[in-house]
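A, B, C and D label the chains in the order they appear, each numbered from 1.
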Amino acid sequence: MSTRPTVLLAPHFRTLEEIFDPRDLERLASFSEVVWARDEPLPEAELDALLPEAWAYIGTSQPLDAARLATAPKLRAVIEVAGGFPPSIDYQTCFARGIRVLSCAPAFGAQVAEMALAMALAGGRGLVREHEAFRRGDEAWQVDRPAWDSTLFGQQVGLLGFGSLAQNLLPLLAPFGCHIRVFDPWLPPTLIEEKGCQPTDLDDMLAASRVLFVLATPTPENRALLSAEKLALLPDSALVVLISRAHLVDFEALTEAVTSGKLQAAIDVFPSEEPFTPNHPIRTAANAILSPHRAASSKKERREIGRMVVDDLELMERGLPPRRLQVAEPEHSDEEA
Amino acid sequence: MSTRPTVLLAPHFRTLEEIFDPRDLERLASFSEVVWARDEPLPEAELDALLPEAWAYIGTSQPLDAARLATAPKLRAVIEVAGGFPPSIDYQTCFARGIRVLSCAPAFGAQVAEMALAMALAGGRGLVREHEAFRRGDEAWQVDRPAWDSTLFGQQVGLLGFGSLAQNLLPLLAPFGCHIRVFDPWLPPTLIEEKGCQPTDLDDMLAASRVLFVLATPTPENRALLSAEKLALLPDSALVVLISRAHLVDFEALTEAVTSGKLQAAIDVFPSEEPFTPNHPIRTAANAILSPHRAASSKKERREIGRMVVDDLELMERGLPPRRLQVAEPEHSDEEA
Amino acid sequence: MSTRPTVLLAPHFRTLEEIFDPRDLERLASFSEVVWARDEPLPEAELDALLPEAWAYIGTSQPLDAARLATAPKLRAVIEVAGGFPPSIDYQTCFARGIRVLSCAPAFGAQVAEMALAMALAGGRGLVREHEAFRRGDEAWQVDRPAWDSTLFGQQVGLLGFGSLAQNLLPLLAPFGCHIRVFDPWLPPTLIEEKGCQPTDLDDMLAASRVLFVLATPTPENRALLSAEKLALLPDSALVVLISRAHLVDFEALTEAVTSGKLQAAIDVFPSEEPFTPNHPIRTAANAILSPHRAASSKKERREIGRMVVDDLELMERGLPPRRLQVAEPEHSDEEA
Amino acid sequence: MSTRPTVLLAPHFRTLEEIFDPRDLERLASFSEVVWARDEPLPEAELDALLPEAWAYIGTSQPLDAARLATAPKLRAVIEVAGGFPPSIDYQTCFARGIRVLSCAPAFGAQVAEMALAMALAGGRGLVREHEAFRRGDEAWQVDRPAWDSTLFGQQVGLLGFGSLAQNLLPLLAPFGCHIRVFDPWLPPTLIEEKGCQPTDLDDMLAASRVLFVLATPTPENRALLSAEKLALLPDSALVVLISRAHLVDFEALTEAVTSGKLQAAIDVFPSEEPFTPNHPIRTAANAILSPHRAASSKKERREIGRMVVDDLELMERGLPPRRLQVAEPEHSDEEA
């Protein structure tokens, strides 16, 4: 009779091939009994049949309410693979029972930060705008656009949010010697100062920033935080890099500020996708760089999800705490409900 | 009778306002007698009249041959403000007489390196290509293009040239943890290793590089160094960042490699400008990012030229060596002749 | 009737003045009701009287067993100020009830890492040994001792333990370009590789390291992990920097290796203190640098404890998770019992 | 008949084995004719016999005046291997003829900077003082000495001199986040600001610095620059790290400041050596760390001299400028005469 713990592997909408290097799947199988493991939706009946033996459950397409958790006495880990904690889990029960709820969000940090830097540089240096002129055949040689162009060196930069995405961005900004202001009401100012940044309130940050990175995790409190009124505080021709999430911005107000020539924007996240409003005015705004939600689009990085999952389960199987995935915390458990 | 040295200020084609912050001009006037100082071409007769008293000559629109230098017994500094040592100076005479010949090229290093990074990131992450799709209304959401997309993190990078431009680029690349191969036959391998890079020959560098930065100073020896044969050594879908100079590349071969789908390219320097061939096939190549020679286009940085000029003249007036502009070296003096 | 939470402040053996800047105490009082707050031991009766109202308890001189925790229904935070999680707390009850158990250990990380670097440099460069010769009047000028002296540049370094202390040390070592091997069985190898280090097993790390930093947290499993047999694996004249804790080393075996001339050691932690064995042979070992447990001795840093405590309570009072102190984790809760 | 250039190798007082890795000597012989190459003084007659064919002369024990240089028509490089430009060379003739005069000083930069950091940390953290107490058996456990101890983190630091030694030290200080003031009258303030430091005058730097690094090259102007009056400007219990050279300090005034308890000092360079005054009061000063001129004492680094010499001659043989050794500049040529 096996004493190896049972891992219920049900990552659909993602595929196994997408998030696991074969060597990581082998590694997982070396210390656990992997069940289900199919590239299709897990039926509720199947879930209910497998939960009583499950030690870890990867994939969270079905609600994990108190009743269901009660049927899973061996459960120690619940791991989501989309990139954020779903509201469908009964977190309080998990905390009380010592079940780790883990998110794969950290797998995306590096490449999203890279895209944010790419957008800031492309915007500041007019790379996309002049490329479009070149395509039209009316490029202007060796011309600067003092009103719009700027380098990141010594720049006044604002970070809206100082979580893991900002932590990934900071080392990329470091060589530019920017003056970085931060608004993050969830963190003590000392933590921001320790990283060489200046904690400020929202208005002061906006008024001072030539480049604003929108990096905060969405919560009910920060919906449309960047309203028309707040956007008006930014300096003329400032660049807004909108990378996570459209939720944080009044998107129509941002569009108006960009089309009117007040602001520039580089946008990776939109209020809706597939299709995004076909005739939306942001589509033709000269001062906009448009990216169809591709900040976390690299295949290589999606296999980082699988690596982190197996790394942490390997630790937990040995009685050690997880170290790579994001751990749900009691204080945040219902923020997205 | 004044003992202050005479500075002949004749920067035309640049304007005084363009390269000097007013405070730097004041600073210059505080320790020297500034003459000419007009935004127009310096007539030869005027030059000949002013040289006998000149201690420094800023701007090099007229040839400085041995005969002319013989009329300038007080001359200690010749400073060009275009960005490279002109062949119209008799360097050997300057060296023999201890006249410093100085170039403003270092004023451009930071912003050119920034543009090189912007191009590498925009190319690697498909930023321009997907933006164009977005403009056309056929953007694909959350899609990766495994053949073309790549992050800089841990990337195989090649540097063709390891001079001051590469020195400016290295700190910007540092946070990405790239494996950097370098081909620079003018430098000892130890110097390259000291910077954490791997010295290689040209072919090995090309064969290994997913991103190739072309950074070398043009010389007679490296004209069209990147021939069709050499470009063929690059891995499929590698990205060529051509930032200095078109001289180094067989431009038609590069165009062919890009239009055929073998390579990507981000190009800031072209074989000709204003106008660049209207129907050149690179203009419509899907895998190309096109920039009309704008890597050094920021106004803020051009005033860095003036700051460096006055910094160094201030030092020289005190009997100290220049420290900010690039100093012509005997061994390189005729390379561009 | 006040709705402000009650903070039971009982940090003795530390003093209030020692760990709190007055501004941090004011800050604490601005959002909470601070009780006790005396520089003397908290009597058990007093503790029992105050616990029923306590929201946070700073200082853990008395056991917090299940019975006592049952009398504290409002308790959300237990904060120790010595520098490690005490075994006298019923962690499982705390986890089940969502009570945060927090340690001030992170307040010491920076200065302990600094001392570790100081010891490694002083040892490697013979600073203490030659100073002692100078005091005796028999200093040797400009002499190197090839067998003993070494620089950190490019050095083979081993880290026994890769926790928060190692994280503080890594940036200090970064400019030296060391090759760093790490043994830490609690962490996934990927996490070590991400930081640019090489995960190895213990024997391989020891065999390769010219400088070994002993940084691990003591656990029952790692007592005397560095036995005579393991120390023998180190290269001749390697330097052992013993900074946390003597627990990890067979101290007599280390002493023998140092007095016999096999190894060098820089030691901040000893098997006992005040008094440490008066005639212990390590006291006169020529190859030893001796420090009476002073790695965390700076007053400025002890006030960092108070700052972190108030920072985290401020967050928790707003319903946010703590961010500065170390949070006890379920998997580690009984390791030191 | 060979066309390989002749290299006159006469490094005595150093030995060939000391400064050359055998592979570097082989490399030198691969492109040049090496003559003399003995570990003994080069007689003047021998020098005069060899100079007419010499292309490079390594070692400068004999004066190279104008008459002698006139006998060496093929000479292109004069390389000293002690660590500083000797006054016995006719620099003006060398400059006029395009002969490179090169110094091996850069070979020492890294290890001297490391020693400077070692001394600053050992001094700031009381490492040597408490070790001495430990040796005496009266160590005090876990005690801080607020008046004397300090960490480098966030410290007020002064650099007297911002040449190549300071450039080697800056990256080692970077992780500590010090506020660095610099006094260097040979450099433009912009150059100091670019490195993230604050240019100041001497008095302001002294008044603000808790740790002062004395790094300047000796010149006639800076002899005993740190007089009793200047030392009195330093804050009480500041630490003076004297690493290059005693020349810059009124050594008796420094001794008085240290023995009186006003200052701490860590000293690697003394007014005289072998023997240094046997009963000099600095020998017993409690606040002094004494090092018998060992900052550049590592054998490994002395072979860096040979590597740099061969690297640069290899370049010069190909018509390229030297890149590793320090190049004598016209403006500095007679400063040490």
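One rule holds in what follows: a contact is a pair of C-beta atoms (placed from the backbone, for glycine too) under 8 Å apart; a residue touches a chain by one contact, two chains touch by 3 or more.
Remember, predicted model here, so these are calculated numbers, not experimental data.
Using mean Cα coordinates as chain centres, the one most removed from subunit B is C.
One inter-chain figure worth recording: subunit A and subunit B are separated by 37 Å, centre to centre, where each centre is the mean of the chain's CA atoms. Between subunit B and subunit C the centroid-to-centroid distance comes to 50 Å (mean Cα coordinates, whole Å).
Centres computed as Cα averages put subunit B at a distance of 34 Å from subunit D. Touching pairs of chains, sorted by label, consist of A-B, A-C, B-D, C-D.
For subunit D in complex with subunit C, the residues that touch the partner chain are 110-111, 114-115, 117-119, 121-122, 124-128, 130-135, 137, 139-144, 146, 149-153, 171-172, 174-176, 273-274, 276, 278, 283-284, 289-294, 296-301. Contacts from subunit C toward subunit A in the complex involve residues 95-98, 186-188, 190-191, 307-308, 311-312, 314-316, 319-321, 323-324, 329-332.
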